[in-house]
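The following pair of complexes shares a single chain, chain A, combined with chain B in the former and chain C in the latter.
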Partner chain A sequence: MSERPQPVIVGAGPAGIRAAEALVAAGLRPLVVDEAPSCGGQIYRQRLAPDERSTRDLYGSEAQKAEALHRDFAALDGKLDYWPQALLWNLRDGRADIMVAGTSRQVAYDGLLLATGATDRILPIPGWTLPGVFTLGGAQIALKSQGCAIGSRSVFLGSGPLLYLVAWQYMKAGAKVAAVLDTAPFAAKFNLLRGLPLFPGIVLRGMRMTAELKLAGVGLHYGVADPRIEGKNAVETIAWRQGGLEHRLACDGIGYGLALRSETQLADLAGCRFAFNQRDRAALPERDAAGRTSVPGVYLAGDGAGIAGADAAERAGERAALALLQDRSLSPDAARAAVLEAELARIGRFREVLEAAFPFPAHWAKDIADSTILCRCEEVTAGEVRAAIGQFGVHELNRLKAVSRIGMGRCQGRVCGSAAAELLAHETSRGIEAVGRLRSQAPIKPVPLTLALAAQQEAAE
Partner chain B sequence: MPLLHRITRADHPAISFTLDGVACEGRTGDTVLTAILTQAEHLRLSEFSASPRAGFCQMGACQDCWVVLESGERLRACSTALTAGMRILTRRARAA
Partner chain C sequence: MSRRLTVDVAIIGGGLVGSSAALALRDMGFSVALLDKGFCGAQASGVNYGGVRRQGRPIEQLPLSQRAHAVWPRLKALIGIDGEFLRSGHLKLARNEADMASLEAYAEAVAEQGLDLELIGHNGLRERFGWIGDGVVGASFCAGDGHANPRLVSTGFAAAARRAGVDVMENTAVAGVTRDGDSFALEAAGNLTLRARFVINSAGAWAGPFAESFGEPVPLSRIYPSMVVTEPMEPVMTVNIGMEGGGIYARQVERGNVVVGGERALPLADPDFSRPRGDGAIAIMNNAAALFPGLRHAQAIRFWSGTEGAMPDRNPVIGPSGTTPGLIHAFGFTGAGFQIAPGVGEVLAELVRDGATETPIAAFSIGRFQANSARTDAGSGAGQNQEPQH
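Right after this comes the complex of A and B.
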């Protein structure tokens, strides 16, 4: 009998690392494919070169978790195959096309564990394509990984836990934070009290950060509506309405985001069945409590399958790996699996609290001006999308893509997809769950044409 | 005015590159995006409106930060480490 191909794990963030660890512990040798040059994912991203900051400076209260993940993954060296700076760009017939070190390689896999993570969820606003506007995640990466501030007077805008975390990290690093503009009303924050019995440490830490920002003189504004970014060649001011009053503030850097959205392209290419998730307002690949999908041998873990955060990702990664082992009749530790599932359920309940504390700005689709760019890749405006919806009687997102080019640009809808779905739902007076989801296409990110052709040729031979 | 402001690594070894023909210095540990935006206000001009762009997500998702080298090679600035001798162009409105 020929040896079975190795399992492939996509992503070396908290979920991918814990999955790899569990597979190695059971005697398997997985291949871990990750786009970054070193492990950690976005949340525990490492610097390209060491600098004068400590791990504590970089990761704050999460420093021990970051150190443990980096250390534990390093300890697996020699027991797995690890391809950093590699992009798994296509899946077909049990094979993965992977761009690595300037070439595309085809890898047969037996067991595929997707830990693909998330990016910021964005709803376009006037001026959001101006230089100096970054996502909250991008602003955090600039600081954490590159030791740079996105401006000399930065504003952080949007909602979600990351909003306050990034603002606080900038303040701690000595960067000037001009204001925090929360699109959610202050009253929504009282929901966090419901989270106290579940995770008191997290809630209190959030409160402390907010208090420290306030003490440092950072303006915290709630219920921010109609934000507009202005500037000629780069960000110069931000304007907004609050309680019926107009406000303006000079700034030269803006971090913007409204919680996170899952990276689901590979689950789609793997053939996983999707279902609409009301909490994330997105179609997500279905998974059971263990991380099994509708496709045998394909598993999901971490934020790539629904937003739950880094602590959940670690547990989901390990749990999905145990499922893979069980499906290979390698009898993993059933008690451990039960513990992980219980912890994940508890984090899931906390997610409900966070969602209530940082609610989605439901009025965005009604308010967005026709002149606002919706797709930054190809500069399709909201007005053009509205016109296309009306002219062609569009009800479904892929049809909208075909007639308006929304989601057809280089990012393949990663940035505008959520907004396009919200706008389509609003314009057709239907729920967001009724408009469908953008189908994923290979390559899931741009790859040089020469590489793709070489891979095709290899497949044909 | 540069978009990004260095907080750390000011003393790290310099890496020489050119930006639209002008000699510049980055620092060891820089991505191409950081090296450019600590000197300049944008990375590229949009192919559609020629408006300036300077990246967005910095994590390889939004594809907003592709720049062109004088050799014609294109690279994603946020996920490429700066190397000595890179000759980077930001002024070309249309990608090669």
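Right after this comes the complex of A and C.
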């Protein structure tokens, strides 16, 4: 046993923590690699420095889950290897290149469990690159991690459960929330009633948050169309149309996001087969109910393989770890695995409800103005993308990248990739599933040219 | 559902060679089908380093290279875009006196070829190219060389060919070619049957089986050059940089990103795709930071690689088949295809129209392998990490 390389878990959010726990319980010693300075992932992110806020202040109704995860991971200390502030930037041939403090170590692994999480899905709108515009997730990080607000008059824009959650958290923290602008129509929210039998607590909590926002005088607007962010050097106003009428509102901070998108680069570098997922409107690495991918020894858990939220991530992390154990003939608890799968299926059904309640803005690709920046890294406008599609006759996303530079910059298409796919599909009158997906390239995030290569012995630890 | 098509010329492979030949042939009035198993310009032609240079090529390539040299400044008129072609000059550095001596020998050997090479000593380098760090004793400068964006140029030729009336068929792999009477029959994906009087085999790393099926086996292998690109930096690198003996090559694009190559990548499970190794990429990055002090604080944002067809003598195969009339080969550019490809396209069109070309190509005959007379070229420093001589 001891001569086999250790399994590697990427991500120390809810999925990664529960996976690590299950592996340790079975006597394995995994290596957990995480970009953040401390565990918890995005949703249960910990503050950078202690302050007067309680966990209840930080995580609201989810405080108990956050505390449990932080505590359970701390209890694994000594039984696993944990590299925080570490970037796994390349995968090849059963080896991971991991950057820690400016040095890259090459780690051979036996079993790779990817719990890479998600980021906000963004569809560019006029003004989205102005200082003062944040993703909803970014706005939440500012609050949770650093105890600061994105503005003194903040507007939250977009759709998805996070829209109301972040607005509510800002209000609770004492920050001024000028408005919540939901791009979905109010009628879509009735879909949530279908979710009541599945998860009454979550639905009622969402309703309570909405009610509390309203009581606090926060304007809630539905069916928001054609949002435009305006300002000279920073956000000054937001304008939109609603029911045929033009609206404007002064603000100095905007949190924007349209649900989430999975971080799939490492699954791609690991060679996992992808399939298009209609609900997430994205190509996702294939996984079975246990979390196994098309590549033996590579497992997926959590939002990194399809958006399902933190509760699902905890279960999927544990389930994928059990699969890893089973594949090592360590006979894990089969009954437990079945329970986890049943719970995951129930959450999956709830996800369908949420998608109906916060639908994707289908008109975006048709409406986006030529002058709007689509790829902010490479400063490519929607008009330039349209021109490139016409000039070169491309209808596949990697070809569009080649001729237009979209997705070639620092973020490697993690921010603009969804939007570019939507625009390409619209311009070529194809379904979004027919335009392909951006092939991932290392490094998955920028690395310094002076990155040092660790000696091989050090990597083996 | 089967489809039949009859054309004058069928071209297998929509890289820069195939698509520039297609455009030239169409301009001569031929009907042309350009077939690619994937997307035109998506393999070696589109993912190479982007060097547009004559300096350093074996002397037998220089007439062809000079012909292509005349095409590059006309891209805008030819294909509607300039492909970000920049006549920046190409500076080949020498790390030591021995390398400098070999640069001097090369300059003397090609003195009659019109490259106008300028040898620069250590002090001259410091004066004119102060952004290059220590450890370089001299260089050879070719002011007329430069660099361009391969992603745009290669795709641009195919798009221009399509606009000119070439039947461009992507995702259309050719399963087999047979000589049938006085023409060829091609079986391609999607139940397509093509008849053509001429066939051009410009299938790059995939050209071998087509040559072999006509009794002309070739020792074609694959190489995977490895590239790193930085985030946009202040514009400092005014010229395209190479290194005598290989190891590193670099250029800065107009937007500021610096493209650095060296090392070799490795194929993936699907050998049509490749990816740099982590340690190889780090070596390129570290070398770049050492050679160019201005890059010490730069971040690498992306690596890439591509699949290129390579010949043991590092010269391509260009010219008529030795066994089959109407079949013309053009492949195996060994990392050196980008610059000369537009010239090769013109030559191929002449071979179809006239059966001959005035540009000397005898050195590239496929017959050199049949005759068991594999030659080694006179180029300098044929090391593993030789700068691709695009």
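Note that in this section the second predicted complex is superposed on the first by the 449 of 461 C-alpha atoms of A that agree within 3 Å, B and C clash if a C-alpha of one lies under 4 Å from a C-alpha of the other, contacts with A are read in each partner's own complex, and residues count from 1 in each chain.
Keep in mind that, in the parts below, a contact is a pair of C-beta atoms (placed from the backbone, for glycine too) under 8 Å apart; a residue touches a chain by one contact, two chains touch by 3 or more.
Model, not experiment: these values are computed from the prediction.
Participant: Classify the contacts of A:Ala402 with the two partner chains as first (chain B alone), second (chain C alone), both, or neither.
Facilitator: A:Ala402 sits against chain C, while chain B stays out of touch.
Participant: Which partner does A:Arg376 contact after superposing on A: first (chain B), second (chain C), both, neither?
Facilitator: In the superposed model, A:Arg376 contacts chain B only, not chain C.
Participant: Which partner, chain B or chain C, is in contact with more residues of chain A?
Facilitator: Counting residues of chain A touched by each partner, the higher count goes to B.
Participant: Looking at the overlay, does A:Ala211 come into contact with chain B only (first), chain C only (second), both, or neither?
Facilitator: Neither: A:Ala211 stays clear of chain B and chain C.
Participant: In the overlay, answer first, second, both or neither for which of chain B and chain C A:Gly137 touches.
Facilitator: Touch status of A:Gly137: first partner only.
Participant: Answer with first, second, both or neither: which of chain B and chain C does A:Asp97 touch in the superposed model?
Facilitator: Touch status of A:Asp97: second partner only.
Participant: Who does A:Asn233 touch here: chain B (first), chain C (second), both, or neither?
Facilitator: In the superposition, A:Asn233 contacts chain B only.
Participant: In the overlay, answer first, second, both or neither for which of chain B and chain C A:Ala342 touches.
Facilitator: After superposing on A, A:Ala342 lies clear of both chain B and chain C.
Participant: For A:Pro446, decide between first (touching chain B), second (touching chain C), both and neither.
Facilitator: In the superposition, A:Pro446 contacts both chain B and chain C.
Participant: Thinking of the overlay built on chain A, is A:Gly393 touched by chain B (first), by chain C (second), by both, or by neither?
Facilitator: Only chain C is touched by A:Gly393; chain B is not.
Participant: Let me check the overlay on chain A: which residues of chain A are in contact with chain B and also with chain C?
Facilitator: Common to the two interfaces on chain A: residues 378, 409-410, 446.
Participant: Sort out for me which residues of chain C touch chain A in the complex.
Facilitator: Within the complex, chain C touches chain A at residues 39, 41-42, 46, 80-81, 151-152, 155-156, 159, 162, 230-231, 255, 266, 268-269, 275-279, 281-283, 285-286, 288-289, 295-304.
Participant: Could you pull out which chain A residues touch chain B in their complex?
Facilitator: 35-37, 42, 47-53, 119-120, 129-135, 137-139, 141-143, 146-152, 173-175, 233-234, 252-253, 263, 376-379, 409-411, 414-415, 445-446
Participant: Which chain A residues qualify as touching chain C in the complex?
Facilitator: 89-90, 92-93, 95, 97, 104, 106, 269, 271, 378, 391-394, 396, 398-399, 402-403, 408-410, 412, 441-443, 446-453
Participant: State the interface residues of chain B toward chain A in the complex, per the touch definition above.
Facilitator: 1, 3-9, 12, 28-31, 34, 37-38, 41-43, 46, 48-49, 51-64, 66, 76, 78-79, 81
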